[in-house]
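Structure first, then comments.
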Amino acid sequence: MNYSELKDVQNLADSRGIDIQSVGVRDVEVPLIIQRKNDSEQVVSAKAKMSVSLPKEYRGTHMSRFIEILCEWGQKKLLGVDIEGCLLEMKKQLQAKRAKVRFEFKYFIEKQAPLSKLSSPMGYKCSFEGVLNEDDYKFILGVAVPVTTLCPCSKEISDYGAHNQRTIVKARISYNPEKIIWLEDLIELIEKCGSCPIYPLLKREDEKFVTEQAYNNPKFVEDILRDVICEIRKLPDVTWFEIDCEAHESIHNHSAWAHHEENTVPSIKK
Amino acid sequence: MNYSELKDVQNLADSRGIDIQSVGVRDVEVPLIIQRKNDSEQVVSAKAKMSVSLPKEYRGTHMSRFIEILCEWGQKKLLGVDIEGCLLEMKKQLQAKRAKVRFEFKYFIEKQAPLSKLSSPMGYKCSFEGVLNEDDYKFILGVAVPVTTLCPCSKEISDYGAHNQRTIVKARISYNPEKIIWLEDLIELIEKCGSCPIYPLLKREDEKFVTEQAYNNPKFVEDILRDVICEIRKLPDVTWFEIDCEAHESIHNHSAWAHHEENTVPSIKK
Amino acid sequence: MNYSELKDVQNLADSRGIDIQSVGVRDVEVPLIIQRKNDSEQVVSAKAKMSVSLPKEYRGTHMSRFIEILCEWGQKKLLGVDIEGCLLEMKKQLQAKRAKVRFEFKYFIEKQAPLSKLSSPMGYKCSFEGVLNEDDYKFILGVAVPVTTLCPCSKEISDYGAHNQRTIVKARISYNPEKIIWLEDLIELIEKCGSCPIYPLLKREDEKFVTEQAYNNPKFVEDILRDVICEIRKLPDVTWFEIDCEAHESIHNHSAWAHHEENTVPSIKK
Amino acid sequence: MNYSELKDVQNLADSRGIDIQSVGVRDVEVPLIIQRKNDSEQVVSAKAKMSVSLPKEYRGTHMSRFIEILCEWGQKKLLGVDIEGCLLEMKKQLQAKRAKVRFEFKYFIEKQAPLSKLSSPMGYKCSFEGVLNEDDYKFILGVAVPVTTLCPCSKEISDYGAHNQRTIVKARISYNPEKIIWLEDLIELIEKCGSCPIYPLLKREDEKFVTEQAYNNPKFVEDILRDVICEIRKLPDVTWFEIDCEAHESIHNHSAWAHHEENTVPSIKK
C-alpha cells in the first residue's frame, strides 16, 4: 500500500468561517535539558502544552507535527532563545500565524540549612512559556516557591505563639528575551519575602533558627505580595508580571490568598 | 478580658503604596442551594473563591468577613441576581471598590438512555462566577461536559473501526444578568455538538446505538469547538464566551485540545 | 429489531481459568442521602466504587447493573444496614460470591467558633465502605479531619514561637454493623486529639484562643496518632481500625506522617 | 550558644505503651539516578515516602535523618540492591526494627511508531518500593502503562465501529531481589496485553495501523487483567503481584476496572 495516498482529512476545507485561536496538544510528557545559572545542565521531566492558531479555511491541524518538533527541541538547552526557535518551527511546520508553548517541570536547587550548612536538593515547580504572534515574541518565566508565613494578627493579639503555615508564592514574569533572568535568582528573590524560607533538611539548631526568624518577621499574604511586587519592579528588564500568594492556613481548612498583575511602567524603574 | 480592645492589625496603615487587585479566601467548602430549570432546587457541595480589591492605605483585609457573608449567602437560591447581592455585601462589609466570587460544584441532571429510556443521574462540574466593579456587574456561567469524539481521520483512512475517546468540553459564558440561561440548556447544547453524548447507564441496545451514532458522526476537537461556537453565537443574550475542548486520546497518552474566546458581536446575532 | 437477540458477549465462557477478585465501576458520581446523628438528612455528592468477584467460567461482568443498583440505592438513607442491602443486591444481580462498595463524599457539620460562638459549616471528606463475602459482612467508616499541630521540639528549643501547620488525620474503622458510630462523634473524637481543632470562621478573640491553645498543647504526628489510637481502643464495638496522620510542615515542603493499623483485642477494651 | 545542648524532645520517654508501625516523611522531592536496561542511566524526578517503626519507649522519630539518608542514596544507582542498602541505613540511623521506602517517578523510554518507525520518548509512571523487616527484605517494582482497549461487546452488537478508550494497567510485582526485572521488560509485557499499545507520535499510516489493530483485538478490562496475570505467572522469579486495570470509558463518565492480587505458587510456574 502506498501510504502517501491516505487522505489528509485535516487539510479539508471548512465552511463554518471560524478562525480558531488555539489548537494543539496538552499533557505531553517529555524530558528537557535546562541550562543552569552556573553553566551546568539539569535534565527535567516536563509536561508540554503546545498550540497554534488555525485559519478558517482548514478543518484541522496536524497534531503529530507538534510531537515531532517537541522531540527535536527537547534535545536542546532551553532558556529564552530556544523557546523562540521552537515556536518559529511550529509556525512554519503548521503554517500558522501564531504559536504558543508552555513547559512545566520540577527544577532542583541545592539548598543549605541556615546554621548547620547541610545541603540538600529542593524541587521547585517552574515553567517556561513562549508566545509568538505575527511580529511579536514574548517569553514568560514561572516559579512556585513555598515559604513559611507567620500571621501578624495572631502574634499581636496572643500572649504567646502565633499561627504559621506553608504558603505558596507563584510568580510569572515576562522580560526582554535578549536578557536572562535565572530561575535561581527569581526563587531567591521570593524566598527573601516570606516570614522565613523553607528547607528540605533542618537539624535542631536550624529548626530553632527558622522558628525564631519566622516569629520575628510576621507577614500577611498581602505583605508578601507587596514585598514581591516591590522587588520585581526593581528588575530592569521585566515588562509584565503576575503574582499569586496562597497561605494554607493552619487554623482553617481553606486558604488565604492575594493576587496582582501588572505591566511594569518604565518610569517607576528609573 | 474585653476582646474589642484586641488590636486590629489588618487595619494598620501601609506605606508601600500598592493597591492590591485581589485578596481573599480560596477552597472554602460550602453547601449551596441551586435553583433548577424546573423550579425545584438542588443542594450542591461547592468550593468558593472570594476576593476584593485592597487600597494601598490598608495593610490587610478582614478574611473572616468573607466566611460570614458566605454562610449567609449559602442559604439563598443562587442564580444570577443573588450572586450580585453577595458581591454587593462583600464590597460593603470589606469597604472595597471591586469584588469577585467563584463557586464550583457538581450538578446532577437525570439523563435518559437513548433507547432503553432508563434514567440515571449524571454529575456535571459547573461554576457560577461574578465580578462587580465600580459600576459594572458581570456574571459568568461555566460547565464542563464530557462527550464522545470519534476521529474523522482514523475513520477515513482505516478499513474498519475508528479511534474514539472521552472528550471534555468546557464553556464559560457571560450574558445579560437580567436574563437566565439554565445549566440544563447549556449542557444540552454542548452534548449535541459531540460525536455522541455520554450516559451513566446504557443497556445493550443503547450501547449499539451510541457506538453507531459516534461512528456516523466523526469529529475533531476543532469541529466540536466550531460547532459549539456557532450555537453559542446564536444565544441572544450572550456577551462573551470561552470554549475549551480536550480529547483524552485513546491512541496517545496526551490530549488534543482547542480553545477559543470571543466577545460576541451583536450584528452577527441578528 | 429485537434487542433481546443482541449477543451477550460478557456471558461467553472463558478458558484462561482465572477467578478475578474484583471487577466493577469506579468514579461514578451520584447524589446520596445520608442520615445524620440528629435524625435529619444530608444530601451529599458522592463518588462510588463498586465491584464483585468474577468466576473463571465467565468472560466479563455486566457493568450496567452496578449503575442500576446504585441509582436505586442512592435514594435510600445510607448508614450501616443499607450498605449491606446494596451489597446483597449486587451479589444477586451479578451472581457473584463477593461484593464491595465504597462511597466518598464531603459531609458538612455546623461548627461553632470557641469564643464568639459564631457558627459555620465545615466540610469533611468521609467514606462508607462495605465488603460482603460468602457469609461475612464488614462495614468501614472513614473520615479525614484537619487539625492544627504545633511542634513540641520547635517550642522547646526556641526562645519564642513554634512552627505549626495543618495536619490531616484519616481514620477508617470497622465495627459491629448492628451498632451505629456517627460521623459527628468520630470527627469530634479526632479533633480533640490535635493541638487545636480547625474552624471555618474565627473572629479576633477566637484567633487569640486557638493560637494559645495550640501553643499550650504541642504535638508530634506520633502524639496525635497514639492519642487517637487510645481513644478508638475505648470504643466498645470497634473490631479493626487504621489511622494515618500527615502534617503539611510549615518549615518544609514535605510532610511528616505516621500510620498504624490494628485488630482491636477485646480484652484490652475491658 | 552550644547547640548540642538543645533538648532532644523526640527522644523523651513515652508512657502510652504503643508501638507505632510507621512514622516518617512523605512527598519529598528528590532527583534519582536510575540504571537502565541498556546499561546507561536516567535521571528522574522522584517523590519519596520513607518510614520506620517506632517502639513504644520513644515519643518521636528523628525526621531530618530520613532526608540526610535520602540525599546520600539519591546519588547512587537505584535498582534492587541499593534500595536494601538505603533501608539498612534507615534502620541503623533511626534504631528501628522495620523500615520502608517508596519512590515514584516518570521514566522515559524511546518508542518507535509501528510503521513509520519514528521514535519519541514516552513517560511511564513507575515506582520502586522496599520493605525491610527484622530478617526479611522485599522489593516491589511498579509500573502504570496506558494502552488502548476496544470493547468486544460494542464491536459484536454494532453494525460498524466499536467504542475504545485509554486504559491504565498498573502492576506491582515482588521478586527475588538477587535477580533483576527491568522496567522496560515489564512495560513491554503489559503493552502486548492491550487491544493496542499507545504511542506519543503516530503518522497517518501508523494511525491506520493502530486503529485496525485495536479493532481486530477487542478486550474487556477482565481480558487484559487475565492476560497480564498469565504472563506474570510465567516470570520465574516473581513471588507476589497485584494488577489493576482501569478503562476511562469513552461512552461513560466513569471507569470500568478490574483488580487481582496473588502470591505466585511455585508449582504453577514449573
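Observations, loosely collected:
The chains carry the letters A, B, C and D, assigned in the order they are written, with residues numbered from 1 in each.
Basically, a contact is a pair of C-beta atoms (placed from the backbone, for glycine too) under 8 Å apart; a residue touches a chain by one contact, two chains touch by 3 or more.
Quick caveat, the model's predicted, so the values are computed rather than measured.
Here the chain-to-chain distance from chain B to chain C, counted in touching steps, is 1.
Taken over every residue number at the interface, the positions common to chain A and chain B amount to over half, indicating a same-residue contact. Between the Cα centres of chain A and chain D there is a gap of 29 Å.
Taking each chain's centre as the mean of its C-alpha atoms, chain C lies 25 Å from chain D. Centre-to-centre, using mean CA coordinates, chain A is 36 Å away from chain C. Shared contact sites, meaning residues of chain D that touch two or more other chains, fall at 6, 28-29, 122-123, 153, 157, 200, 202, 204, 208, 253-254.
Residues of chain C touching chain B in their complex: 3, 6, 8, 28-31, 43-45, 64, 67-68, 70-71, 74, 105-106, 108, 115, 118-123, 200-205, 208. Chain A makes touch with chain B in their complex at residues 6-7, 9-10, 14, 16, 18, 20-29, 51, 54, 59-61, 63, 152-153, 156-157, 220-223, 225-227, 229-230, 246, 253-261. Touching chain A in their complex are the following residues of chain C: 122-123, 146, 148, 150-151, 153-154, 157-166, 196, 198-200, 202, 204, 207-208, 210-212, 214-215, 248-254.
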